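Reviewing the structure listed below.
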Amino acid sequence: MDTKVNLAGVELKNPVMTASGTFGSGEEYSEFVDLSRLGAVVTKGVANVPWPGNPVPRIAETKSGMMNAIGLQNPGIDVFCRRDIPFLKQFDTKIIVNVCGKTMEDYCEVVERLGEEEVDMLEINISCPNVKEGGIAFGQNPKAVEEITAEVKKRAKQPVIMKLSPNVTDITETAKAAEAGGADVLSLINTLTGMKIDIHRRAFALANKTGGLSGPAVKPVAVRMVYQVANAVKLPVIGMGGIETAEDAIEFLLAGASAVSVGTANFYNPSATVQVAEGIEDYLERYGFEHVSDLTGLVK
Amino acid sequence: MSKYKGQAAVIFQEQIATDIYSLWIEVPCMASEAKPGQFLSLYTQDGSKLLPRPISICEIDKLQGRLRLVYRVTGKETGTELFSRLESGDTLEVMGPLGNGFPLENPGRAFLIGGGIGVPPMLELAKQLPGAKQIIAGYRDELFLTEDLERYGELYVATEDGSAGTRGNVLDAVREHGLAADVIYACGPAPMLRALKAYAEEYGIVCYISLEEKMACGIGACLACVCRSKETDSHSNVHNKRVCKDGPVFLSTEVEI
Amino acid sequence: MDTKVNLAGVELKNPVMTASGTFGSGEEYSEFVDLSRLGAVVTKGVANVPWPGNPVPRIAETKSGMMNAIGLQNPGIDVFCRRDIPFLKQFDTKIIVNVCGKTMEDYCEVVERLGEEEVDMLEINISCPNVKEGGIAFGQNPKAVEEITAEVKKRAKQPVIMKLSPNVTDITETAKAAEAGGADVLSLINTLTGMKIDIHRRAFALANKTGGLSGPAVKPVAVRMVYQVANAVKLPVIGMGGIETAEDAIEFLLAGASAVSVGTANFYNPSATVQVAEGIEDYLERYGFEHVSDLTGLVK
Amino acid sequence: MSKYKGQAAVIFQEQIATDIYSLWIEVPCMASEAKPGQFLSLYTQDGSKLLPRPISICEIDKLQGRLRLVYRVTGKETGTELFSRLESGDTLEVMGPLGNGFPLENPGRAFLIGGGIGVPPMLELAKQLPGAKQIIAGYRDELFLTEDLERYGELYVATEDGSAGTRGNVLDAVREHGLAADVIYACGPAPMLRALKAYAEEYGIVCYISLEEKMACGIGACLACVCRSKETDSHSNVHNKRVCKDGPVFLSTEVEI
């Protein structure tokens, strides 16, 4: 049985990775899972300088989901390179660094800096709904997506994953724009913008007013978008949004994803990633598939 | 692996005041490691409620491998309401022990101050902290855990409605009884902690406070639960500390509340 | 305590209505609730001619939600006027007829026909994701929204509610377009397009491949959009999407809705509508509000 | 109001075969109205599972106000798995009785045919239907309810693996025993119902079949659960009938399956 997947020339031992921002840089979760069992660890978004993030409350529970407005708090690329990359190098897994920024220049600075580091891929977050500048402002406009993809690609030493926002009328447009800009891989979905109001305090549940909805609640939207994108572009797709179990992950693979990320589920099941990887193996065996890649896009 | 995530056996649960429940669970690997001031993440069995409910450790019985949790049901259809229905023989999903806990080297006369649902962690602290202890427990009206507490130190009570002890808050009780200390350990609502921080500054004494914030991961990875730190934090590289991992206990001087 | 709300001159006894398609025309639910306790009954969408709808399976359960692809099955306007309107006239509630169509002409035909009937308002569904023509094709394009609103308004004898799709990048654009076209009221959200795959049969869970996601899972998205729209237009807004309880309904009111609709919750709690109406009264009393309209848009 | 929605008391539950559970619930107002072939909507207590699980009535005890349900657990983390954990003293949210049920005027010799998890509704039907009854129950391998069924008619069994009765399906059993009837009542998988529809046409006999479809409201309002009808249906005004309200029992000639 072959669980390997190839994303733009990078070979992952299996298609299971972590969703950015839900796993730190892996340190805290290494107490619960052997990071070497994962296809890749995708780090929390990192910017050129440290970001303090948003005021608290930063999260709120919703039915079968949660909203977050962390606001991309991060220690900046210097500390990240000094501390987080060496930590991850101890494990036999691929390192994918998620990059955020407020301006085109911010993104480019981080991407250039990472060219010198031993990381395997870059994931460019142009879809964070929780910061005023940057993020989603890029991700909702196909022209801007193409532009930033092209600029990043010019500077990147590693293959580039563009992370798409689900808060759009037609996700195939931004997907095609990223493809036109030269993206190597697409990942989706980031969070859906949501809001919660505390009716007793008559105030927003999140200090930021709105937040990004994630978790099982959004899975049907995510599967639909992965299906649409996989059928609209030639690039490999990393699917995510509400994956808790191997069954969920397989749904994304069958819809067209080449790999998957586990996000919110880590919070309530710290071994979710490894369980997903194991469950995919069981499925391949049960139904007699030789390669996990045989599942990709099987349901049309 | 020092943190456990799995099922705990419910040994015994009882209601000890309006909406306040006392729950003993058996989970030996956690009981052997737990310290006062640490907390557990509790998970509901309702598939629509995903996030942990952080609850402080109220008592530790290392011998029997048991932990006591005392918590408040915050409303209808909440996770804590689901926990309140647990009975002996049921199981409960938990993770922990989490957080740093209170330091146990006692540098002198200590105040152990709990406000409302911040009272429970003071019980195990009172049991384990060496030296002279003055326990001040503040309530709105109804008391709980007072019989347990008075076994481990001098107990002073304050109630907002004056139905027991000093009418007012915990600092009113301190003043009424003319108490003094060299160190404060406290857990309770933000206004109380703010007042204690000011009090500690005024008297130039050390003050440990246990903070609360909404949590997702409970282990330091998601950055949901931050509080503002006075200095740049070494991990975050900004003025944020994680309540779940760097706390929940902080020196009152290192955080802005 | 005053629970009345005024929508474009139509006075509802309270702000609680049913969401189109989840309550039929009220007959089946009249065994469980007194329809006279509701502000309004919004009927299942009706077209100029009978529609057979989509093949089964038409629904699938998802975490804290469901997907449907009923495909607007309806008996056509003739049977509807003969049977459903007289049934609803027996009750002391407002009648809002939800209108669907494949072409502009279809919509206009139904709207004209309803001009002769004793119905209180019309809700124009330009946001159904489950039919190839019509529906969402109109609802995702601001120009088309303005056009169809204007055409419908020319012919309508009753106030017109335009029902907006959440499957858009910026819902304030379609909201403003409906306002520009002359809409009297806006209602939102319709369902979010989703997909579910049965990994054991390796087939779509719905015969229609995609379906509309509804229920508590979508509430955060719905509250956010109601807030955005209420702050972008001057029209009253009817909020819906995942309302199960009075607490949920109040969240929508505080976000800016003037009235609310209960949809999916009827399926698992047939008395949900009345319980919501009662719970809103309790809330007004508990916090000393005199008019339910005082809640509208209170959280800014 | 003829439909009840509310809590039923769990009286007794037991597993009667692999993944097959038999559940007695007490809910007098429903038991007094229920008819064979009707079904209930069962609701889970997991807030993430919203929709009803429709389950047929297997037995009715009007005297004690009780209903028996026999159902299959379809997989891990399903609603039926949650039901299988119910014990005496628990409650279960139900709505019903729903649907039309089987007509009870027996025009002659009857076949009562159940396939797999379609067997249970045949039990109460066998109890209530007057006249001569030949019950044919088809299983993959493991039998259940056969001891109950043989008390109310001649029982013939078919198993796919031949481990009991006729090897093959229910029609194989009919042929093997040379059975004949004037009317068929059937519940089971679609291929079986299709074969019976053809059989009934061939022999020119009346055939009632109970259909299955995914449901949301269970009461006829949402149009989720339709089947194709031969003629224009008077309610829908198109070729669709609602399984939950117009069915689940249909004449085999009025629907296309």
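Lettered A, B, C and D in written order, each chain numbered from 1.
What we mean here is this: a contact is a pair of C-beta atoms (placed from the backbone, for glycine too) under 8 Å apart; a residue touches a chain by one contact, two chains touch by 3 or more.
This structure is a prediction, so every number in the text was calculated from the model and none was measured.
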Worksheet, complete the sentence: Overlap of the subunit A and subunit D neighbour lists contains B, C
Worksheet item: Taking contacts as defined above, which has more of them, B-C or C-D?
Response: C-D
Worksheet item: Which integer distance in Å separates the CA centroid of subunit B from that of subunit C?
Response: 46
Response to the item:
Here the gap between subunit A and subunit B, centre to centre from mean Cα coordinates and rounded to Å, is 35
Worksheet item: Where the centres are mean C-alpha positions, what is the separation of subunit B from subunit D, in Å?
Response: 54
Practice prompt. Name the residues of subunit B that each touch 2 or more other chains.
Written response: 47-49
Item to complete: Would you please write down the residue numbers of subunit A that are in contact with two or more other chains?
Response: 63-65, 216
Worksheet item: Given which chains touch which, is the overall layout a line, a ring, a star, complete, or other?
Response: complete
Practice prompt. Flag every residue of subunit D that touches subunit A in the complex, lowest number first.
Written response: 47-48
Item to complete: Spell out the part of subunit B that touches subunit A in their complex, as residue ranges.
Response: 1-3, 5, 43, 47-52, 95, 213-227, 235-240, 245
Worksheet item: Where on subunit A is subunit B touching in the complex?
Response: 21-24, 27-29, 31-32, 44, 50-53, 56-61, 63-66, 68, 70, 73, 75-76, 79, 215-216, 264, 266-271
Response to the item:
The residues of subunit B that touch subunit D in their complex are 45-49
Worksheet item: Considering the complex alone, what residue numbers of subunit C touch subunit B?
Response: 63-64, 216
